[in-house]
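Should a chain be cited, it is by its letter among A, B and C, assigned in written order, with residues numbered from 1 in that chain.
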Amino acid sequence: MLSIKDLSVSFRTRKGEVNAVRGVSFEVAKGETLGIVGESGSGKSVTSYALMRILDAGGRIKTGDVTYDGIDLRRAAEREMQDIRGREISMIFQNPRAALNPIRRVGHQIEDVLIQHAQATRQDAREKAIQALEAVKIRDAEARYHAYPFELSGGMCQRVVIAIALACNPRLLVADEPTTGLDITTQKAVMDLVRDLTRDRGMSSILITHDLGLAAQYCDRIVVMKDGEIVEEGDPQRLFSQPRHGYTQRLVDATPRLGVSVRSLLPADSRAAEPAHAVGDRPLLEVVDLVKTYRGKSGPVQAVKGISFKLLEGQSLGIVGESGCGKSTTSEMIVRLLDPTSGAILFDGQDIAGIPAAGFARHPRRRDIQMVFQDATDSLNPRHSAAQSIGEPLARIAGLRGAKLKARVEELAGLVGLPLPLLSRFPHQLSGGQKARVGIARAIALEPKLLILDEPTAALDVSIQAVVLNLLVDLRAQLGMSYLFVSHDLNVVRLLCDEVLVMRGGEIIEKGPAAQVMSDPQQDYTRALISAAPQPPAKAHAA
Amino acid sequence: MAEISMPSARVEKAGGTLRHIAYVLRTNPVTMIAFAMFAFFLACGVFGPALAPYDPLASNAAVALQPPSAAHWFGTDNLGRDVFSRVIVATRLDLMISVAAVALSFLAGSALGAVAGYWGGWLDAVLNRLLDTIMAFPLFVLAMGIVAALGNTIENIIYATAIINVPFYARLVRAEVNIRRNAGFALAAKLSGNSDLRVLALHIFPNALPPMMVQVSLNLGWAILNAAGLSFIGLGVRPPTPEWGIMVAEGANFIVSGEWWLALFPGLWLMLAVFTFNLLGDGLRDMVDPRKRT
Amino acid sequence: MPSARVKMVLGRVAQAVPVAVGVVVISFLLTRALPGDPAAYFAGPAADEASIAQIREALGLDKPLIQQFVIYVGELLRGELGTSISTGQSVAADLARRLPASLELTLTALVISCAVALPLGILAATRPGSWVDHLCRVLVTAGVSLPTFFTGIVLIYVFYYLLGLAPSPLGRLDFIYLPPERVSGFYLVDAAIAGDWGTWLGALKQLILPAVTLALFTLAPIARMTRAAMLSALSSDFIRTARAAGLTRRKVLYGYALRNALLPVVTTLGMVFSFTLGANVLVEKVFAWPGIGSYAVEALVVSDYAAVQGFVLAMALLFVVLNLVIDIAYALIDPRIGLT
């Protein structure tokens, strides 16, 4: 169906020519689902843009053949390509709400495509558009036809994007990270929908993703890319049990799944013994009936509806939930960036909920509760070097200056594995993993008793995530910190946490030891969360 | 292993800043030209009276209305004064007015906008209405009104120009601060023991500077145009003080009878100065933006 | 239960009220601070102290400021803006008489600059790095550097004195023509209605140079904003989706990108109109255009407080109304705004 031979794509940048894709070859048969898996910078998305000929202005195809059903896509005229796009080959992207025209009704956007490819006339376009919406299982399709993208949820927007892509019955669908940014249950629903639709229509599809587990679950064959090249190819089962290339092995190891420990995420040669962390019996943190109410447009909105839990000294507690469940609001209140509406937060016996957030910065307890943020790029001041960012709490709270400050910053850099020469660099000169380390170094600078981690690895590549998670495990044992780990990813939480809370709609619906909740969930919602997470095929050898 | 030391990091940073400025100038020829021109105008402003070949106020009826020649590069005006000398000397006045006005409005507008953008609430609402009210007046008209009401002095031109420019800075700073109010690094700064005020002043505001630099340079140009425009209609600087606007106004009377040099040279000089400031904008922004450092 | 849209419109109107109040207060204070004594002016050069004091009392200028303000607002609500010292007529009538001249000039200038700036900005955004793009950027930077009074003078010099193409810059109509019968106050419109094509051409010839001068001034911000908005729209994700769905370049450009880009351009147009009202003053002086700008300058010079006050107030209120209209139009065009 689709055949790509020796494709090379390069971009003209200010620093010269960059080869994003180098000599990539693969084929997609009729009705087959191919997965292209790689981390950021691997060139997987660029490959798909090249085949659709929608590269950015600075990019061009240097060499290679792209043949679709006998048609030479590389040398086809633009008019021919416009005809092919949408009618023969369709594409869906990540970030669905941004992918739709914000000021045009979704029904009209579907009609545009139908009319463009002469699949409908002005008279029956509306009817066909509603049919397209029904095909992607949108309820009340006729009402939704008139909706604007901002009125729809993320999952619904993605369904609309799929409807647009499939409206003209193409034979090949390219899905570029279609589930990024979606909740895990929505993720499953969208992927199942795509799989069902492509199977029903006999379509071929290409799934581009960084998640090897996801690809293993939905693809017939997987191609692994690194630095613009294909390093390995094969069916999911074989890739997981007998990876041939070292990089594939690393990816397989680093993919969190049931039945492995955090150390096994690392490559086999760097697995030191996992240090034990002692859990005391005194509660370090006790949250009693915590409530947060916002003033919404149509009345008060309760983000957190009165939750209570305990965190023992040295314990690691995970809070799991999807977006809007209140977990981030809870963590912001505990770290005292946000004031609760009511309730108590007892830290080391002292109720800190009463101290207003605006005044907490200069409170003696400030040094005991610190936070690692989700987006390392956003959490570093673009004007400060890494050393300045790490040194900020030391200078402001511990009052260190001069040589003592420098020594401590270097000590922290060593603890988190950040090479000393990088300390003078600015955030835009650091990689994602390096920025994450800077954020962690800053958070542990004052040796806090409680460290709150709000989705600390969500924005990282899976191999970097493996390293960062292990770093967190080491630091925990070294410094005796308690962790409050907030995440939407159950697999990751299970690796690090002793106990886990599941939140939904502002309430705790289940809590207990992590292993127990994962293996024997009491609530339906917890069960749905666990089953929605893609589970890669079990590896042949034990973790 | 390379060593980084904290105290000398400050020294290294200063050296790094200079190196970065040189880098920006090197890679962007337009910026280089703009800075060269700016340096030229600055020199005229500082050394003006020393550079002028004739006394700008000395009238000499015998040589009135002479076209440009070797003795008088820009010709002479109706009172026999040397146009070139007057143009050069006027640089100091016009630059001073625009720099003072922009500095005032920058400070006031930034403070107001930062406070409104960070704390929001009724402060923000009041500020917005105030800015709307100022901006409701056609700017030049407001400047006219203020100068007419308060008196025809240079200080009042500066105040009037500053007032009408405040809304631009206030709005810009407010928007930039608002975006960054809940950014990770602002929250992290709070966790590091910075009070709200410190976070705003030392962490958030410096990051708003790059887009403001462009506005500053545009405003410097506007301020000169404003002052010149006010003088043109008789509301600013009074004759015989040399000022570009007045000179164009006086020269306008003679252009229809063919003596073009009285109005053209001051006007071109004015245009060139404003043009220089506008070109500076992008270069200034690149210098201040840490992301442009390699 | 009024719809969300109606509530939003009413909300915007309510927001404009304090601004209008502020405008009234400021214009009152400004003109009371003007130098010169209107009573003395009215009384005439031969008057003595007693008659000046009498006139002052008659004008109500001896009362405390607050009381004067209340009287002022009362008169305002009746539509009375006072009497001009220099023309002796009611200020409201003066302004009404001269407003069409300024409007005709400003609107013509805006039409010309949009006709050039919009296509230029769009082309520059769709062909980055080309000569069109560079031309656009140079034009924009040069445009904001131009002093309107200077360009007006240069244009007069080149086209009137050197080339003899333009008529002498003495106002709206050369004295050999009679102004057409007043229907709208716009000479071009009125002459066309009357079928008097000779006068129409004469009015056009007088209008061209000042309109071009103003247009050069407004060209820059419109072109810059159009280019920036188009660039931003073209690099959005939804454009990528549209291209991937096979929509033609034309459809993508005009149907998707341009419509999204027009929103910030519309806002800029409002700002530009405000600047132009200011720049109007200078251009009207250079070309002896009998509009409200030159009216204001003449009034300022003789401290005709009622005229200045009326002018400032009228201009500001006009601007508030215009902004309100643009705000509402924007909110109606952009479906996202109505619900915030």
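Observations, loosely collected:
Convention: contacts are C-beta pairs under 8 Å (C-beta built on N, C-alpha and C of every residue); 3 or more make two chains touch, one makes a residue touch a chain.
What you see is a predicted model, and the numbers here were worked out from it, not measured in a lab.
Of the two chain pairs shown, B-C and A-B, the one joined by more C-beta contacts is B-C.
Placing every chain at the mean of its C-alpha atoms, the farthest one from subunit B is found to be A.
The mean-CA centres of subunit A and subunit C are about 51 angstrom from one another, to the nearest whole unit. Rounded to whole angstrom units, the spacing between the C-alpha centres of subunit B and subunit C is 25.
Note on chain placement: the centre of subunit A and the centre of subunit B lie 46 Å apart, centres being C-alpha means. Residue ranges of subunit C in contact with subunit A, taken from their complex: 128, 236-238, 240-249, 251, 255-256, 259-260, 263, 333-336. Contact residues of subunit B toward subunit C in the complex are 129-130, 132-133, 135-142, 144-146, 148-151, 218, 221-222, 225, 228-229, 232-235, 245, 248-249, 251-252, 255-256, 258, 260, 263-264, 267, 270-271, 274-275, 278-279.
Touching subunit C in their complex are the following residues of subunit A: 52, 54, 57, 78, 81-87, 90-91, 93, 95, 98-104, 112-113, 116-117, 148, 150, 161, 164-165. Those residues of subunit A that touch subunit B in the complex are listed here as 335, 337, 358, 360-362, 366-367, 370-371, 373-376, 378-383, 385, 387-389, 391-393, 396-397, 402-403, 405-406, 409-410, 420-421, 423-424, 426, 428-429, 439, 442-443.
By the touch criterion stated above, subunit C contacts subunit B in their complex at residues 15, 18-19, 22-23, 26-27, 30-31, 33-35, 141-142, 144-150, 153-154, 156-157, 160-161, 168, 274-275, 277-282, 285-286, 296-297, 300-301, 303, 308, 311-312, 315-317, 319-320, 323.
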